[in-house]
Structure formats: structure tokens, C-alpha cells
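Both of the next two complexes hold chain A, though its partner changes from chain B to chain C.
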Partner chain A sequence: MNIPAELKYSRDHEWVKIEGNQATVGITDYAQSQLGDVVFVEVPIADTSVVVGAGFCVVESVKAVSDIYAPVGGEIVKINDALTDTPEIMNEDPYGEGWIAVIKIADQADLDNLLSSEEYEKFITEEGN
Partner chain B sequence: MRKTKALIFEISKAGRCGLDLPKCDVPEEAIDSLIPQEFLRKEPAPLPEISQLDLMRHYTQLSQRNFGVDSGFYPLGSCTMKYNPKVNEDVCRYPGFSLVHPLQQPETVQGALELLYDMEQYLAEIAGMDAITMQPVAGAHGELTGLKLIRAYHRHRGEMRTKVIVPDSAHGTNPASAAVCGLEIVEIKSNEDGSINLGALRAAVGKDTAALMLTNPSTLGLFETNIEEIASIVHEAGGLLYYDGANANAIMGIVRPGDMGFDVVHFNLHKTFGTPHGGGGPGAGAVGVKSSLASYLPTPIITFDGSKYDLDYNRPESIGKVHSFYGNFGVIVRGYAYIRALGPDGLRQASEDAVMNANYCLSQLKEQYHAPFDRFCMHECILNSKKQAQYGIHTLDLAKRLLDYGYHPPTIYFPMIVEEAMMIEPTDTESKETLDAFIDVMIKIAQEAESDATEIKSAPHTTVVGRLDETLAARKPVLRWKA
Partner chain C sequence: MTEAKKTPLYETHLEHGGKIVEFGGWLLPVQYSGILEEHRAVREKAGLFDVSHMGEVLVKGDDALAFLQNLVTNDVSRLTQNKIQYTPMCYKDGGIVDDLLIYKQGEEDYLLVINAANIEKDWQWMQENKGNFQVELTNVSAKTAQLALQGPLAQSILSHLTDTKLEELAYYWFLPNVIVAGKETLISRTGYTGEDGFEIYCQAEDAAELWAAIMAAGKPYGLLPVGLGCRDTLRFEACLPLYGHELSKDISPLEAGIGMFVKLDKGEFNGQAALAQQKKNGVKRKSVGFVITGRGIARAEYPVMAEGRRIGTVTTGTYAPTLEKNIGLALVETEFAKVGQEFAIEIRGKNVAAQVIPKPFYKREGQKV
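So, the complex of A and B:
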């Protein structure tokens, strides 16, 4: 399972790449492997606000339709339009091409709840799912 | 069976015709003299041209590919695909039921109204409720109606209650109905055995709790033994309890949702009461309520003054209509005939047989397949493909392989809290021989998993089309046929 050391993780299986007050977010390699082949992504709407923990993106795979919960709150400043036409990049490159959005972090305290790569690895092993 | 995949358009032959029309006996007019130019096609529509016999064969062969309870075993968990007694088809076609018009004056359709009235009484007795509406035409429609009643109840008491609690094991329609009703969904985690986590429930209820939606037996096919405590937690917080009747085939004549503390109930006549199911309906999702919610029921209400039946539209607190007229009347007649044919003892026995059959399947299959809940189940049992995972076999593969043996697969990947779930609901109407034949095939497939995994992973082999690429079909759907 690929869990890059430089990223932060949520317990809902999203990764967060923090650059200053901006966070790029996406789903983890583990999440995409559990979802199976992604066939549709309802990308978030740019220039809207999102609350930490609220659903801000919907991913449909051959198995199920799942809400993706915002790992941090703030304003969505950039979205990955490519997901609309090529949802498979979420499976192929979850940490790269398959990113979902860039969020301007409203409250740095949100970051305190995120896990390090070691903690996330431990979390998914313990969760046993 | 001929495995033709040809479409009607592909067997078309230019100039062929299925029917000779008599010579026109009125003067023929040019079409452009009758219809304005802008409404006329530039080119004729490419309709299939085919002889009557070829047309008949084409559609007869397509119809023979249907699979239903009348053609084979259909253990689709949570759907109760029981046999639909054919006498019900006769009864619903009696002229007094099939030739009446919904706008006829009540005094001219007393028999039809009596049937609706009596059916309400029967369902009220089975559910332990005080009043019933027969208007909703599906289970989810019943849920939406029930939630609207709950919303009206709170509103009339001057309370703003907007949250509906659903366990994470719930039928997907529960949160969906709540969302459609404009309510907010609060999901609570279940215990490992699928029962309600009382701590999580206590933490979730509050002044904004409108209702808890629940099935009992749970979606795992297990009886929720804490139901009375669950009911008191929700009621003490001022919320109501909604009973999703999808699993009612396990409890008829044994326990009643009303006695468990539920305030609103829906039944699926097309599941529990033997009316046709599948293919998009029509269904019937009768909703029952305790007396405290009766004034909000949809209009009209069928009344009886001791001598005459009537329709009462004067219900100022009603949520209004949820369907045209009185629901799917023909389906209600079938359900009525089913209840009358079985009677109270027969209904109880149907539920007991349903529970026995599910436990028989579980007991015979738990060696070959992992049973996540190895305990007495209700009307359906859950297995998964954990033991087959070492051969690279998933539940989907097992389901596809069952098609080769002529069975409709059980429900798979539900409930979602069980990994690789396979939910078998044999229903009350299957014989021991049918169950044994199915069990033998399941055991054979488990052996194949060890000896010939490729055969399973590439199944089905005997169907008209083989394994479909579901990913490609979803990512690049081809929705239109073109020559």
C-alpha cells in the first residue's frame, strides 16, 4: 500500500498536501483500492466554502457511491476538472493526477486532527478493513 | 435456447410487412397537405420491417430469457421473492374490481371500498397500528410518506425536529427518503453483530431528533433484541420510531412493530404479502400509524358508518395526496386475497417457514462459506467469500457462477457493513428439495473455487452474454444503437 511520508491523512482516507495556507486533497491509495474502479466523480464547485468533515465530493465506483469528506475546512480555490472526463486517474494515480481540490485552509487547527503516514498506516491496519 | 443477440432493427428486411391493411376506403390526401412542413420528417423513420411470425419469435425468445420466481429459485436477500399465488390474479380480475373507475361515486363501488377498508384493518392488526393508508405504491414511497407524517406530527406540536437517525446497516432507501423529505441524516455505527449500539444511539438523540428508522429483523437478518430499550431512548428524546417493513416476512403473526414501540410502519405488499415483485412494479407500500399520527394521513380516508362505505376528503391536518386516487388498487386486491387465503395461522406459518428455510441454508453452507454471524438468523442469512479469497475468488464471481447453474444469485455486497456479503433469503414458499438442490450447487461452486478458479472468475458461460465489463460500461456507456 502506497502511503507517501510527506502527506497528512484523515481517518476518512483522504490525503492532504499542505503548502502554506493551502491544502491539496485527494483520496488515498487504500481508499481507491477499496472503492474499486471509479466510474464517475462529482467534483466540488470552485469558489465555494466547505466545512471540515462535510461531504464535498462524490465518487461512484462499480461497487458503491461514496461521499468524500473534507479533511480541512475553507474555500475551494481550485478543482481537478480532469476527473469529470477521466475518473480512472483516481485509481491510477491517487496522489498525483487524481487530486480532487485545493482548499484555502480557514482554520489551521483542522490540521491537528490529521494523521502522519505512520499513524495512517497503523490506522488502516487496526481498522482491519 | 437460441442465443440470438440480434436487435429487431438488425433482422429488418426492406419492404417486408407484418400486416396487410385493407384498401383505404376514403380519398387519400398527401401528407404535406395535412401537416405543416416544419413538423414533417425529412427522411422516413428507420422503423424495423419484419414479418409477423419473425416479430412474434423475436419477442417470444426475448421473453423466454426472463428470470422470475415462476421460472426458478430467486434467493434475493432483503427482497422476499416469494411465490405469487395465481388465484390472486383471478381475484383481481373480477369485473367488480377491474372494471370500476376511480372517479365513480362511492355508492356504486361499495365492494371495492369495503375491500380497501378491510385490508386496512388486517394490516393494522398485523402491524399493531391504529390506522393505515394504502396510497403509497412502493416501499420507498411508504418511507417518504411515513416521514412526511412524522414531520407533520412534530410541526403540529410546534417542534422543529429535523434529524433522522439511521444505523449504518440500514437499507439505502432510509437515508435517501429522509433526504428527499428535507430532513438531515445522522448515521450511527452498529455493533459488530449489526445490532444498534445503544451508547451511540443515546449520544445521537436530542431535541432535534425527528425519528429513528429501523428494520427488525435488522438488515443482517438478525432480530434486534434491545428494541424496547431503543424505543424508549428515542421516545424519551421526543422522537418517533419508523419501521421499515422490508423484513416483515420474518415476523408476521409472531411479533408486531406496534408492540415493539414503533409509531409508523410500512409494509411492502410485493414482498411480504405475495403480490408480484420486480420489473419495476407496480408495488404497494401501505403505511400504518399509531392514533397520534392518524389525522395526518393522506386523503381520502375510507370510512364506514356501519352500513355504508365512503371517502372522506375533509381532513384539514392531512399531508395531502401522495398518489393518484387510492394507490395501486389491483395490487391491493391481490394482497387482500393472499391474507384471506392464509388467515392468521397461515401468515404465522409463512413467517416460521421463512425463518426455518433461511436457517437451513445457513446450517448447510457454513462449512463451505464463512458465516460472519454464526447464530440463529431470521428470514435471511449472510455468508461471504472469505474462505474463497485465497483462490482469488470474490463474491461477485460466486454470484456470476450461480447463473451458469440456472439460479438467480442472492443479494451481494449488501449489507455494506459486511465485507463481500452474500445475503440469501429463500422465503417461505420453497420446498426442501429446491433448497437442497441450491445448497448442492453452492457446495459444488465452493469446490470449484479450490480446483478451477478460472472457470468461476470467467463465469457466466451459459448465458446469452458472458461476463460484462462493468467498469467500461459505466465509464463509456453506449446508450444508442446505430446501424
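So, the complex of A and C:
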């Protein structure tokens, strides 16, 4: 399982890349492998606000519909339009081409709840999540 | 809640990386390598399913035929030896108890293959309908395993493991006592994928060796072990109904579009009066196929909307891998059931445009209707 050391992780299996007051977010390698083949993504709407922990994106595999929860709250400043026509990039490159959105972090305190790569690795092995 | 059951191939699935889920009270692989890849393998080459969860009931005795004629809607008297018939089994009100296959093994000897999730309910229903019929029912589900080898290369693969001339076994016929890889089996040319293929019944203790032998013989042909995920997308593209979705106690065979398996003139049977009435008056609802013309994927239970109100319900919906479209089956009011009709599917509170299209969505080349 690929869990890059430089990223932060939520317990809902999203990754967060923090650059200043902005966070690029996506789903983890573990999450995409659990979902299976992604065939549809309802990308978030740019320039809207999102609350930490709220569903802000919907990912559908052949079998299931899954809500993706915002790992940090704030304004969505950029979205990955490529997911609309090529949802499979979420499986192929979850930490790269498959990113979901960039969120302007409203409250830095949200970051305190995120896990390091070691903690996330432990979380998925222990919880069997 | 009773504990989920394991088929004789449970360990085999784990060894080969099957992702296990619970389905109808059974622990089975939803996928191995991925639903899309497995789906493609069955359409283009071949796939091997464990369908040991299916139920099998033997019906024997002087009144076997009379018992079955009362029990199911199709005309069992039309069956000849070694032939198979598909039929709904209805309640008195025309709702569906289950859909099943009937194998005629002899004049007073039939094998019924029923849905896993319905085994207990069906067994109960058969007991209740035994009445004065001279018939002996045996539930052999637990000791029977079933493998489904499906896909255009299925015959080529299986021919390596048996001396039986498979090319002489026609669609919906079966052969008992066939030796496959040294094991005694019953094989039928049937399936639930819309492709050519075989269903192979064997003793539970032989299942793992049989599975291994078929996988080995199929390796040069690109045979993949495949799971329930693609079984659902494959049957869905071929518009084969699934109990609990297109069929239920609240849906009649006429509404579900399987009225050709209801023979109203064959003599008395469960549901006859109700179904005759429905046929005379016309059904109020019909099962239709649709394609999403907007953006989104329809799922079972989503509302179908038109003229500002709800006119039906999606029974199955997903991304169709062979067609590469988001399509679905829905039970809608009859006036909205014509091909070309436009309506909307309510997806997460939003109406997404859809249009009725002909069924089935997929038909293999050279397939007879």
C-alpha cells in the first residue's frame, strides 16, 4: 500500500497536501483499492465552502456510491475537472492526477486531527478499515 | 442474524485474492482483479464463478409433474428429458416467490435450482404446496457445489477436461454423469451472463479440485476467476432479472417483462387467476431499460420522475462496462414505458435526464432471441 510520507491523512481515507494556507486533497491508495474501479465522480463545485467532515464529493464504483468527506474546512478554490471525463485516474494515480480539489483552509486547527503517514498506516492495519 | 455461510471454495477464493463480501447469507468474492477486467474477460474470453450458494431441490414421485405444474407458471409438461426450463414461481396474488430453473432428469424426477437468498423461503413454500401430491422433496443445496464457466471460450476450455462432446450440448440442455477432470458432474449449457457457457454441478468435496483443474486448463485461453460484481453487471447488460430487484413478491412476472414464461392455459397453478386478470386488464407498471442522457449513475431504489411526480423506481442501475454507458432498469407506470420516452432519475435530490431504450442492452453475436 502506497502511503507517501510527506502527506497528511484523515480517518476517512483522504490525503491532504498542505502548502501554506491551501490544502490539496484526494483519496488514498487504500481507499481506491477498497472502492474498486471508479466509473463516476461528482466533483465539488468551485468557489463554494465546505465544512470539515462533510461530504463534498461523490465517487461511484461499479458496485457502490461513496461520499468523500472534506478532511479540512474552507473554500474550494480549485477542482480537478479531469475526473469528470476520466474518473479512472483516481484508481491509477490517487496521489497525483487523481487529486480532487484544493481547499483554502479556514481553520488551521482542522490539521490537528489529521494523521501522519505512520499513524495512517497503523490505522488501516489495526482498524481493518 | 445467522452467521454467513461459506461455500466449499471459500479457501480457494482467499488464496487467489478474492475480495469477500456477504451476499444472500453467503461469503463470496465480489471481485478478484477488478469488476471491469473480469467483466471483459467473460465477454471476450472466459470467466469462472463459484455459484455454490445457489439452492438445489430434488422433486421425485408419481405426482412430480402435477406438483410442479401447480407450483410454477411455466408449462413443465413441455420439458423433455435432459432439457431445462426457466420459470417464475408465484404467490396466489401473482407476486413472485422466486425464479428458478427446472431440470427434467426423468419422468418422475426433477431438479430445481433456486436463488441462494430464497432457499429457506422457497423450501417452506414448496412444503405448503405439497398438499396431497405424491411427491418427495429433498433439499440438496448443502452437498451440491456449482461452478459457472462462462464466455465465448468456455467450450474450448472445458473440452480439455472431458470426453463428452460439448458441441452437441445445446443451449438449455444438460447431461448427467459427465466426468470432468476425473470428477462426476452434471453439466448444463446455461448461465447468467448473456454469454455462452456451462454450469457444472458437483459434490461439495470435489469443488476445489474441479476449480483448480478448470483454471489450469483455461490459463492459455485467458480464463480469469471472477466474482459476483461482474456477475451482476453481465446479467444486467443482458437484462436477465435478479430476484430482489426486477422480481419480488410485489412484482408480477407480467410487470417484470417475463410474461412469456407464464402459460395461462396450461391448467390451474398458483397465481393463475390474478395473472389472467392482469393480462386481461393490462399491467399498470412495466419494467423498462433506460440510458442516462444527463450526468450520473442510477442505482436501485432511486425514484423515476416525470410530469412533476414520481412514476416509478429504478430496480438496477450502474455503469455498463460493455456498452460504456450509464444505464438502468426501472419499473414505471405503463404510459411511460415506450421506447424513446423521456423521464428523469432523481439522483441525490437532483433530476437527471434519462430515456427509455430497447432491451436487452447486450446480445451476443449469433444469439437466438
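Basically, the second predicted complex is superposed on the first by the 128 of 129 C-alpha atoms of A that agree within 3 Å, B and C clash if a C-alpha of one lies under 4 Å from a C-alpha of the other, contacts with A are read in each partner's own complex, and residues count from 1 in each chain.
FYI, a contact is a pair of C-beta atoms (placed from the backbone, for glycine too) under 8 Å apart; a residue touches a chain by one contact, two chains touch by 3 or more.
Values in this document were obtained by computation on a predicted structure and should not be read as measured data.
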Just chain B (first), just chain C (second), both, or neither: which does A:Val77 touch? neither
If you stack the two complexes on chain A, which partner ends up touching A:Val62: first (chain B), second (chain C), both, or neither? both
Looking at A:Glu42 after the superposition, I want to know if it touches chain B, chain C, both of them or none. Which is it: first, second, both, neither? second
So in the superposed three-chain picture, is A:Ala54 touching just chain B, just chain C, both, or none of them (first/second/both/neither)? neither
Identify the partner contact of A:Ala109: answer first if only chain B is touched, second if only chain C is, both if each is, neither if none is. neither
Footprint overlap on chain A, where chain B in one structure and chain C in the other make contact: 37, 39-40, 60, 62-63
Using the touch definition from the top, list the residues of chain A that touch chain C in their complex. 36-37, 39-40, 42, 58, 60-63, 65, 84
Give the list of chain B residues in touch with chain A in this complex. 413, 416, 419, 470-471, 474-475
Chain C contacts chain A in the complex at 19, 30-31, 34-36, 229, 232-233, 295-297, 299, 318-319, 321, 326, 348
Contacting residues of chain A [partner chain B, same complex]: 37, 39-40, 60, 62-64, 87-88, 129
